[in-house]
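The structure under discussion is supplied below as structure tokens; questions concerning it will follow.
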Amino acid sequence: AASGDGGDAAKDVVNVVTPAQPSTLDPQISTESIMGEITGSIYETLVVTDENLVPQPMLAESFERSDDGLEYTFVLREGVKFHDGSELTASDVVDSMNRWTRVSIAADGAFDGSEWTEVDDYTVKLTVPTASFLHLLYLSDIGTSYPAIMPSEVIEEFGDEPVQDIVGTGPYTLKEWDADQRIVIEKWDDYQSVDAPSSGRAGAKDAVLNEVVFSFVPDAATRTMGMQSGQYDVTPELPFDGLTQFQEDPNLVLGTYTIGPINLVYSDRAGGPFENVVNRQAVNTALDRDPIMLASVGSEELYDLVHHNMTEPQQAIWDTEVGKAEFNAADTAAAKALLAEGGYAGEPVTLLVTRDYTEAYNAAVVVAEQLKGIGVDVKLEALEWASYFDKYKEGRDEWDLTIIPQGTVTDPTQTVGFLPNRAGYYDTPELHDLLARFRAAPTQDDATLIFDEMQQYIETYRPLTRLGDAHNVYAASKDLELPVFNSHFVWWNASWK
Amino acid sequence: MLRFIFRRLLSLLPVLFVVSVVIFSLIHLTPGDPARAILGQNATNEQVAALRESMGLDRPLVEQYLGWVGGVLTGDFGDSYFLRKSVTEAIGDNAVPTIQLAVIAIIVAIVLSVPFGTLAARFRGGRLDRSVMGFTLIGMTVPSFVLALALMVVFGLMLRWLPISGYVNPFEDFAGGIRTLIMPGIALGAITAALITRTTRAAVLDVLNADYIDAARSRGVAEGRLLFSHTLKNASLPVLTIIGLSLGGLVTGAAVTETIFNIPGLGQLLVTSIARRDYPVIQGVILFVTLIYLLTNLLIDLLYGIVDPRVRVGKA
Amino acid sequence: MAPNSPATTNTAAPSTTVLAMQPVAARDSLWRRMLGNTGLMTGIVVVLVIFVVSYVLPPLLHLDPYAVDPANRLAPPSAAHPFGTDNFGRDLFARIVSGASTSLLVGFVVALVSGVLGAIIGIAAVFNSVLDQVLMRICDGLMAIPAILLAVALTAALGPSVTNLVIALTIVYTPGIARLVRSRALAVTSETFVTASTMQGAGMLHLMWRHILPNTLSVLVVQSTFTFAESVITEAAMSFLGAGVPAPQASWGNILYDGKSVLMQAPQMILITSGFLIVTVLALNLIGDGLRDLVDQRSRSLVGKPGVFARMAAVVTPGRFRQEVKR
Amino acid sequence: MHAVRGVTLELQRGEILAIVGESGSGKTLTARAALGLLPPRTRTGGRVLLGGADVLQAAPEALRSIRGGEAAMIFQEPSTALNPVFPIGWQLEEGLRAHGVTEPAERRRRTVEMLRAVGIPDPERRLGDYPHQFSGGQKQRIVIAMALALRPSVIIADEPTTALDVTVQAEILDLLRECRDDFGASIVLITHNMGVVADIADRVAVMYRGELVEVAPVDELFRSPREAYTRQLLAAVPRLGGGREEPDASPASAPTGASDSTTSTAVSAAPAAPAPAVLLDGVDIEYRSGFGTKPVRAVRGVSLQIARGEVVGLVGESGSGKSTIGRAIGGLETVAAGRLEVLGAELRGLPRRRLRELRRRIGFVFQDPAASFNSFMTIEDCVIEPMRIHRVPGGRSAHRARAAELLDAVELPGSYARRYPFELSGGQRQRVGLARALALDPELVIADEPTSALDVSVQARVLDIFTSLQRELGFAALFISHDLAVVELLADRVGVLQGGELVELGATEQVLHAPQHPYTQQLIAAVPVPDPEVQRLRRRAEDPGHPLLDAEAIA
């Protein structure tokens, strides 16, 4: 019945179709966005953002930041129950948060040296070595590897390995996980809602839908046709070309949301042409981004070009003028001159890419053509994802360029150019220094100032060239009321019209 | 007879052993890391290393192999990294739809292709032959995904007769199950049918001019019977073989169709498992498929002797 | 059983009146027989044309199968792009024409090599039961190894190249052909003429080559043409995984695969490419059937009119062929 | 090219019409035309009326009921007329089923009866056997049973007794006669055995080169043949008692073997002479077929020796194991017990290479010529094949020249070289087989009924050539035949086989003229004489017919 026709009889079930199942539903570890999509209504965190991206309490009744920014106190709501029936107490929170600090990528860096302690049954305290604006940002961000609260017993059982018992406090519980087929979440009747109006992810959660069924259908054409035929009600991602195809479909409501930047990353392997920054700049100068992005996502409506290192929605916070003037020069003559200056003598260059991400692959094909235009002897190497990733991570000497899509991130330190252990391996003391300063910025405004500097670092060292930001097309049945917040559906506010 | 079967069954063991070694080495030859696949692209190297250790992937290959084989010998194929179930369970679950699909496809194929192949041979060069050959040509050359999509568009989207994708076990809900299996069955059956039709035609052509056919004709045996009983049996060795091969091939070769129609079968399981480097599942599925091949081919070899008494497989 | 023609009982039971029969003599020379076989000649001509087109046209017309033009992607056929453009705005005509050489190469080599290997293995297997056991078990084992895994592993070990792709595909297709050939060969070896040849002291090779191979040709041809079509398509799946034809290079399989995701927007990608593939496979089939007819005179059913090719040849070289055409 | 031209024939009800004529003169094609069963790629003109309907124009359904029901055909080459993958019982029943016998038990009963009528021993058990498990003569009888089982009003028998020994042949002829007498069947009998013609025919038609040259009542024809060809034909008939052409011209090296006139004495190899060409000592041969079935012991305790340059004739009952012995000597069957040496080599455990080398020195003529040719090769290629295998020097052109020579020797025109085996007549194919066997100048020839399908005139010429070659090359030969006259003509010694045992072995003269064993006596008594009057007298002297079809007739 789960994969029925959307059903007139049971208008309290929604069929969602997505390409692949998450490898784990552990919210603290997994970095897959589909995990966030599914567990977002199962797990809850201490704080969440409202529609203005301002942190609001969720499992905490209230929270407080000390003036020096080194101590946070969270008072928990009483009477909140886990799905297994046990009651949420401070020890659960402390165990969960300490585990999150250890296992989560997001916490890496920003929460180094921080510590969670239990004050009493309903109060916990976070102490951090340096004040930073990042702390609240991360605690309230729900996407991937987020600080979900789970019972201590579960943590005890699974330690730092991905948890298999999915027990949270949210309005939905995991009902069924049929491996590679579907995950069903079901409304949880004992949910204790916050007594505040719903806004963003904050406030009251009065679930209407009884069940949300996530079906995993690997083939894009099948997903699209399933949407068209009404077999599925919602999909978080249509193939890019679906936008033009379905704009006229009267049964569907389409929307887009940013999935993140597509970056061209350079390997500075010794002896390679891009060890020399001039050559990196040459490539950056040469690229004409519009055709690249057009090929990548198929439509002008589905990409934006952003000159700095954050995605377009965050522009309000992270805007900077640095690099704007030189962005998207598409100047082949200048590029050729730079290449000559950089001493590039026509040696073959490998552009590594995976076909599992069409947007990256499609961009790569055009990039390769453009690079050929300035005399770079590019060889495209397209691998399936696992091999690609292995090579990208471990075989840095075997490629010169790679194009890799990235999800949206909470702050600049998460973007490829600022990850010392990733990508092009630009692990310099200067970068570490920058990162440390940035993380120690007590407020957003301080951070924004440093962001100029960081952006300048990118411009100078050019570890990556940003191609553009891709948007996903999501589609939903027109009969469905389905709010989207921060690239995620808000299931507890969804209902059939 | 029994001794022959017994000997053949014994000979399966070395094959399975060799296949297991080959598969194991192939898998470990391929780049990619299950730990990394589990943790996602942002995981740090330390996390990956820790997970690898806890999965036992850091041990020497021989040790890993022996551990695995030891398990297999006691009937334990290990647990999937991703499926939250044991490999045996996974194969058991996924084999059901695959086998149902394969059976439907092969039945569709046989029912269509053997008669048409035979008739095409009989009326070689005629209109029937040409149209049958035309259809098989299309069946052979049009990729199965194109056919699958075309079926979906017509029956799923335009006519809305059948669900686009998904799987319902016909043993639980017969009508629903059949509805989900029709399109994939056709898509899979088409290519098999094309191949069987052509093979049948070729094989029948080989015997059609034999004197004994004329002789039987001289006794007034009806043309139909002459064709479908006399001729076909003589031609049946290749036909049986191709059916056996197709049956085996359907178990793994169904990956594309299964993926498109989203049927949780062995093919899809194998493909996704390879993509995410789910070693125990890959190894288990391939061993299972090897076994299927070995058994169908054993069966076919036995059938040879029954169909053509002059043929004695496995005898000097 | 009573005779059911009582009226004529005492006159004529069978009466053969003025019977004349003319067995038509076989055409002698191989060349003449080939010319007479219209299917074979058509096949050869078509394949030659495709080969010539794929190797000659691209340099001649300065076709660039790589030139991207994303603004113009998925365009329908037009004067500038007779077949339209693909999802990168590349000219589909240029891609299909220049992709032909890759696809034909892969298809031919795989079909040929696995056909030859399969025939050798399949025929050799019937001569010795121990060999048969060993070879067939190896085949069984090989059949079970999925092509994808093989492709990924091979690429990892040897790097992506068309050669590796051909090796992988050959490994995948040979066992099936071997088994099929073996099945036919098993029946053929029990025929008296094989015994007769053995009795003349024929060695294994002679028997294989002169007696068994021609008799297995029919199924071999079917299987080989099938392998051709399959490998052209599978090539794309493997390239998708990084094995085989390097990425932007065109091949029919790649075009089909790319076309799959834009089936609705640009059906011409799949339609036109499939059309080319069908014509090629059809031509190969004609060649295969024709070859079979050349060796198997008995099943050749069509007589009478000389084919167009024979008539054409008669026009070109009147003296030599006139006689035949008249008949 | 015309194979048959302007043949006009009429067959009266209840009449037995014999067609005789040169091998390749179009007898088989004429007969096949009567049923509309023409080889592919033939063009026909004229009409064939069967009970008033034109067969060549008939609708398929009408044709089907004519075939088998009204007219049945016994094919010339039984080995190719039987489907190898069906048990013979099934094949027999097929015809019955096609003609409305729906009851399975009834079909089975009639099948068994027919098999018994044609003298297949133990028919109930053999119903489930496949054609390859039968001897040549047995297959021929099965084919006859198939045709007769339908009780057709017209029987077209194309050389129905070529593979049968004279006693069985006599029984089959009786059977045919019974069909005529009891059911009023008309019979067209194609044969080259003048004895048979004399025995059974009412009228005789003589064909020559595709044309009908003479039709006459049998007595008249034998008494005063009109055409030159007919006279020539009758003159060429070998008669038992004619003796060898040059009885004392047997090669010096051949021991007369007078001491071996009985079976019980073991063969004592001549101590001084070189190893004999063939030595069988207490040989048993078994056929094993199928999983878990009992092996058939086809040959039991046979001891036989063929000296170099000696021709030994092997005669005997159909199914007695003659071909089996021949095959064993060629190394095609393994010996279950006893010793078998060929050209000095013990066959058992002989390495493959040596066996191949040995086979080069052996020429082998198969009993069924049709099956022993690859239909993908022209007959020239077939004859060249042994030369290619053994890389006879001279290359292709020399091979072709030699092939032409050989084909010429067996009376085949050079234009036939490019033909395929299925485009030849039965007798022509048989001659190709002989040519092929002689291609490499063998030291030993195993000829399994090499002339059974030849008309007497061609046979005479071919035998001439055989003897002269034999004298020239001095090869030893095992000559298996049913035609005692031919054996007498060729063989130095004769062995008589019955039920797998060698019951008599001795000098030709002695065995054929003073037979010791009752079976041999019976055999010689049964030889039909090519003179209708004599035959009639002989038949009257015999018992007045043992109605083979009695059981049938009651049904």
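Worth a mention:
Letters A, B, C and D mark the chains in the order given here, with residues in each chain numbered from 1 onward.
As a working rule, a residue touches a chain if its C-beta (ideal position, glycine included) is under 8 Å from a C-beta of that chain, and two chains touch if they have at least 3 such contacts.
Per UniProt, the chains are B = ABC transporter permease; C = Peptide ABC transporter permease; D = ABC transporter ATP-binding protein.
These figures come from a predicted structure and were not determined experimentally.
Greatest Cα centroid separation from subunit D: this falls to A. Here the spacing of subunit C and subunit D, counted between their Cα centres, is 44 Å.
Averaging Cα coordinates per chain places subunit B and subunit C 23 Å apart. A separation of 89 Å divides the Cα centre of subunit A from that of subunit D. Here the spacing of subunit B and subunit D, counted between their Cα centres, is 50 Å. Touching of two or more other chains is recorded for residues 221, 384, 387 of subunit A. Those residues of subunit B in touch with two or more other chains are numbered 30-31, 149, 209, 234, 308, 310. In subunit D, the residues that touch at least two other chains are 40, 69, 84, 99, 132, 150, 422.
Here the chains touching each other pair up as A-B, A-C, B-C, B-D, C-D. Every residue of subunit C that touches subunit A in the complex is listed here, in rising order: 66-71, 73-74, 87-89, 152, 155-156, 160, 239-242, 246-248, 260-265. Every residue of subunit D that touches subunit B in the complex is listed here, in rising order: 35, 37, 40, 60, 64-69, 72-73, 75, 77, 80-86, 91, 94-95, 98-99, 130, 132, 143, 146-147, 150, 289-292, 370, 422. Residue ranges of subunit B in contact with subunit D, taken from their complex: 1, 4, 209-223, 225, 230, 233-234, 305, 307-310. Listed in rising order, the residues of subunit C touching subunit D in the complex are 1, 3-5, 7-26, 28, 190-193, 195-203, 206, 210-211, 214-215, 295-298, 300-301, 303. For subunit B in complex with subunit A, the residues that touch the partner chain are 30-33, 36-45, 47, 50-51, 54, 80, 82-85, 90, 149, 152-153, 156-157, 160, 163-166, 168, 259-262, 264, 268-269, 272, 275-277.
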